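Several structures are given next for inspection.
In what follows, chain A forms one complex with chain B and a second complex with chain C.
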Partner chain A sequence: MENQLRNAIRKLLEEKTVDVAIGYGRVGVGGAVGAVFVTDPSEVDRLVWNAECRQNLAVHLSRPEVKALGKPAIVVKGCDARAVVVLANEGQIDRENVVVVGVVCEGIQGADASGVATGTLLDKCVTCVEHAAQNVDILIGDAAKAAELDAANAPNAKTAGKQAKLAALLQKTPEERFQYWRDEFSRCVRCHACRQSCPLCYCNRCVADKNRPTRIDTSATLKGNFAWNILRAFHLAGRCVGCGACSAACPAGIDLDLLNLTLANAADEQFGYVAGKELGAAPLIGTYAENDKEEFIR
Partner chain B sequence: MAKIGVFTCWCGENIARHVDCDAVSNAVAKLPGVHCSLNYKYMCSEPGQNMIAEKIKELGLTGVVVASCSPHMHLKTFRKTAENAGLNPYLVEMANIREQCSWVHSDREIATAKAIELIGMAVEKVRRNHALEPIKVPVTKRALVIGAGVAGIQAALDVAAGGVEVVVVEKEPSVGGKMAGLSETFPTLDCSQCILTPRMVEVGQHPNIKLMTYCEVEKVDGYVGNFKVTIRKKARYVDITKCTGCGACWNACPMKGKIDNAFDFNLGFGHDKKLGKRSAIYVPFPQAVPARPTVDAENCLRLKSMKNGKELCGVCQKQCAANAINFHDQDELIEIEVGAIVVATGYQLYSIGKEQENPNIQGYAEYGYGKYKDVVDSLQFERIISASGPTGGEPLRPSDGRVPEKIVFIQCVGSRDNAKGITYCSKICCMYTAKHTMLYKHKVHDGEAHVFYMDIRSGGKKYDEFVRRAIEQDGAIYHRGRVSKIEEQTVDGVKKLMVYGADTLSGKPVVVEADMVVLACAMTPTTGAPQLAQKLSVGYDEYGFLSESHPKLRPVETNAAGVFVCGACQGPKDIPETVAQASAAAGKVLIMLSQPNLTREPEIARVDERLCASCGACVKACPFQAITKEEIRDRNGNLVKTTSRVNPGLCMGCGTCVAVCPSKSVDLIGFTDDQIYAQVESLAD
Partner chain C sequence: MNPETKTTGGFEPKIVAFVCNWCTYLGADLAGTNRLEYPANVRIVRLPCTGRVDFNLLVKAFEVGADAVLVSGCHPGDCHYAAGNFHARRRWGLFRELLDTLGVDSRRVHFSWISAAEGAKFQKLVTEIVEKTRELGPYEDYKAIVAEK
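Coming up: the complex of A and B.
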């Protein structure tokens, strides 16, 4: 599959269909997998595809320095592909001007503190029903195998993995839950790695970086940490695709994805809305339909 | 360095009763930036305003806070005062220490402390205020009137008389609306057509009026002063510029006397099948303006055959000396630019027995409308007794053309009936029912006119006298009560309608053996009124009546700037009221269009285009479609970035965009986040 991927990218670069390919490569300390930007067809062998390709590369699509490289091709997993759709729907990329190369992903493994793969699948992969990336231009891998994996996960998609963790948290009393987040957020150092790793945090200047007025404490106070993390979750309501990049990037190990998942579940249950499922879909927030549920208005 | 003046008002006793104004003045005098702090019994009075003006001039104040009532009440007053004294009016803020303090607290100490905090917040805000200039928007000096019934005609004539161009759009082939079909009008009994047709002719001929009949509003873009309206000119199949209205075509039409005429509310008569029927190419009534025919595509033999690729009939085209008939005519979309819009789409009658458009409303199957031919609604009866109606004014009943000896009139059919879904009073039915009884009695002297009513509502100049005349001089028989059922029976070979009702004054059931029944049904807005309201961003109620901006003080304005309403589309009303409201709307249009520019409040949203990430959240959220995505290009035409941009002519300053913008790259001038945070933070000490 890795060779298939390399061949496809080589063809795109050779035929000048694209100017740059954004893919995975062993670029980190000790050969850890990260993003590589290939512009020369002779260098496509730098590209890898394996169960350690954790990052969501879509984050690079809206970066001005990447845009400066020209028309991109991007390698995406099922979850990442939905982020590309949201970026297109929100006008951040011209979908016609990006070649999206989807891969059939059989699941990504977690890593231990030193970055070595643990062999166990990530929580999000346990409930994944998009093993083959959707809304892509080229799909690499065995679609039939992906369908099998989807079918295997489907029965537990709403209950296993991260959903199970969220359900356990929601079992607790509001006071216990508040205490949980208090403990978690007290570790936040406000490095904003969550924001930097998120493909949908593309604002030119983040509200957290503005100081007239200062809406969020800039230093890592508990109040400011609450404000920041909850505000970020709200800004992702109806937009977050659940790629887990924020949780993975957090040096304090805060499971930020739980906040996003709560809102994603609400969007699905209340409005039947799944972010990034459909190209051209109207955004959830700011769109009114006559048959919208209004039960939450009391 | 800020020099802020704080002026605390007692509002007589209103504020001073629970707020210690001296203590407030002294406390706020110590706030940073406050240069003078005074209080007075009535700040809005002339001496009060003079006090503010003098201090502005004397001390060179850079900001003013008036602590008094709601800004809704007096912000304009105090801004004017400041402007006259040479201070930019937008450097004036109000602290509401009446509605939000003295009126809702009785503890003097607590209320005083709260007043000081409220003023402190306003001081923090005004310190961050900037001098603003009102926005000037150019105006297109042309008005659009939608609907050409009596309301639209009056509004158009008045606006045109004021020297402003008017485009009148009417969906029917002729102007005139419902009034053109009425018999005689209460309370003077003058002939409806005699008073209306001169106006119809004037609308057709006025140099300032462009009449567009058989047209409908398709789309409305733009904003106050600069609307772009797309109008659908429906295929008429007759070129009205060539046609002379000679009548050769409609007399030759093989469908002549075979088609129901909507102008006669589809009346038909058993004794003469051609009575009230028209041809497929037709003028709805002889006085129509324009007096030019229209081809009814549903019934025209030629047009029907063309759908099957054939060319049958075509008699009218052969008869036409002016060569005005074109069977290949198509709908046309025409775009016009106007500065103001008057909506005068009028009413229709509630459809008694038939299926209802509005699922919350039910019909009266028990009255047999639609089943018994001699049960008619009030507008049909108007045509039956109209001198220009199908019977030439002879009161003949539809089933067999006999002159009815006894007619039952039932009021409040639909109106004021919670059980059927319409709660309001249709207002005109008491009057026209009295008129109907009179007109009938004047024609059939020994006839009996029975009226079933709930209450008689005849408020208005000479209105109650009119009803008394119907009862006392013309002998109409009024029963206070409802009718439960109507049944058709044949008595001595003649069809009769048995009307079962009650007279609650005598407490007895009443059964009337009638020849005809007339139902005074509720007035409802015309079909499509809510859809039109949506195109215009005008509010409407659960029945589809358009909402005025304020029921008392802004009765013809709507909440959509530049859109006005008049006539029955806004609520049930009679002709005099409709005409008065139409003239009022015309006056408002003329006021608006008399200015070279429109002045709008400068407190609107503004996007920081350097920071906007162009996610489009504000574009979707804006309720006024005031925000668009725009491209910024360098001088060589290369795209630099895309950004959201606010149209200052459309923005109403609601702030929804500020709430949805994730990076807060849009702000509301005059209510910036900076100001609001400062206000909140002033409370935190």
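Coming up: the complex of A and C.
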């Protein structure tokens, strides 16, 4: 598959269909997988594809320094592909001007503290039903295999993995839940890595950085950490595609996915909306229906 | 002043009500001109429209010591800006779920539609909220995270 991927990208670069390919390469410390930006067709061998391709590369699409490289091709997994769709739906990229190279993903493994793959699939992969990236221009890999994996996960997609963790949290009393988050957020150092790693946190100036007036504490006070994490999660309501980039980036190991998943579940349950599923879909927030549920309003 | 709020020494909840300029604010005003008394525990923050009520404002209210918050605007179909409240309603539906996962006390977060003609509804609702919040007591959980450095 890796060769197939390299060949496809080489062709795109050689024929000048694209100016740059954003893909995975062993660029980090100890050969850890990270993003590479290939502009020269003779360098496509830097590209890799394996179970350690954790990052969601879509985060680079809206960065000005990447845009400056010209028309991109981007390698995406199923979950990442949905982020590209949201970026297009929100007018952040011109979908016609990006070549999306989807891969059939058989699941990504977690990493231990030193970055070595654990052999265990990430939670999101346990419930994944999009092993073949959708809404792509080129698909690399065996679509039949992807369909098999999808079918295997489908029965538990709403109950296993992170869903199980969220369900367990919701079993607790509200006081216990508050205490749980209090403990978690007390470790937040406000590095904003969660924001920087998110393909959909693309604002040039984040409200968290504004100080005239200061909306939320800029330093890591517990109150500010609550405000920040509420803000980050809710700004992604109806938009988060569940790629887990934020949780993976968090140095404090806070399970931000649980907040994102809460909102994704609510979007699905209340409005039948799944972010990034459909190219051209109207954003969930920003539209409304006259019969939206309101039994909680007096 | 409502006799109940005259008690001294007891806990007096602080309620922050974010209301839209065109309906609920006028409803509250009508309650006043009709001399319908409601507890002074309610601090009214007037905004152009419920569509302007950023969820951060609710968080901020708790940060500065609110024991409960109310967001209220025009009934669906009556928004001065046509659809501000429809947009708001959708956001609230989602935001409530986030608060629930976080364990923020949902009994302290209220939403309502109150028109300019519903002074009596405003009086009744805020009185109810004040009473209920008085029973719940101060929002210690949130005050504790605010106090912690």
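By definition in this document, the second predicted complex is superposed on the first by the 293 of 298 C-alpha atoms of A that agree within 3 Å, B and C clash if a C-alpha of one lies under 4 Å from a C-alpha of the other, contacts with A are read in each partner's own complex, and residues count from 1 in each chain.
One rule holds for everything that comes next: a residue touches a chain if its C-beta (ideal position, glycine included) is under 8 Å from a C-beta of that chain, and two chains touch if they have at least 3 such contacts.
Since this is a predicted model, take the numbers as computed values, not measurements.
Enquirer: Check the residue A:Gly30 against both partner chains and state whether it touches chain B (first), chain C (second), both, or neither.
Expert: Neither: A:Gly30 stays clear of chain B and chain C.
Enquirer: In the superposed arrangement, does A:Pro155 touch chain B (first), chain C (second), both or neither?
Expert: In the superposition, A:Pro155 contacts neither chain B nor chain C.
Enquirer: In the superposed arrangement, which partner chain does A:Gly286 touch: chain B (first), chain C (second), both, or neither?
Expert: In the superposition, A:Gly286 contacts both chain B and chain C.
Enquirer: Is A:Asn204 contacted by the first partner chain B, the second partner chain C, both or neither?
Expert: first
Enquirer: Of the partners chain B and chain C, which touch A:Arg215 in the superposed model: first, second, both, neither?
Expert: It touches chain B and chain C both.
Enquirer: Looking at the overlay, does A:Gly91 come into contact with chain B only (first), chain C only (second), both, or neither?
Expert: In the superposed model, A:Gly91 contacts chain B only, not chain C.
Enquirer: One more residue to check, A:Gly272. First (chain B), second (chain C), both or neither?
Expert: Neither chain B nor chain C is touched by A:Gly272.
Enquirer: Tell me which touches more residues of chain A here: chain C or chain B.
Expert: Ranking chain B and chain C by residues of chain A touched puts C first.
Enquirer: Quick check on the output: what are the common chain A residues between the chain B footprint and the chain C footprint?
Expert: Of chain A, residues 207, 215, 285-287 contact chain B in one complex and chain C in the other.
Enquirer: Inside the complex, what are the residues of chain B that reach chain A?
Expert: The touching residues are 610-617, 620-621, 629, 642, 660, 662-665, 673-674, 677-678.
Enquirer: Which residues, counting only chain A, touch chain B once they are in their complex?
Expert: Those in contact with chain B are residues 90-92, 202-207, 210, 212-215, 235, 282-283, 285-287.
Enquirer: Would you tell me which residues of chain A are touching chain C in their complex?
Expert: 166, 169-170, 172-182, 186, 207, 215-216, 221-223, 226-227, 230-231, 233-234, 237-238, 258-259, 262-263, 265-267, 270-271, 284-290, 292-294, 296-298
Enquirer: Could you please specify the touching residues of chain C with respect to chain A in the complex?
Expert: 55-56, 59-60, 63, 76-77, 83, 86-87, 89-98, 100-106, 110-113, 125, 141, 145-146, 148-149
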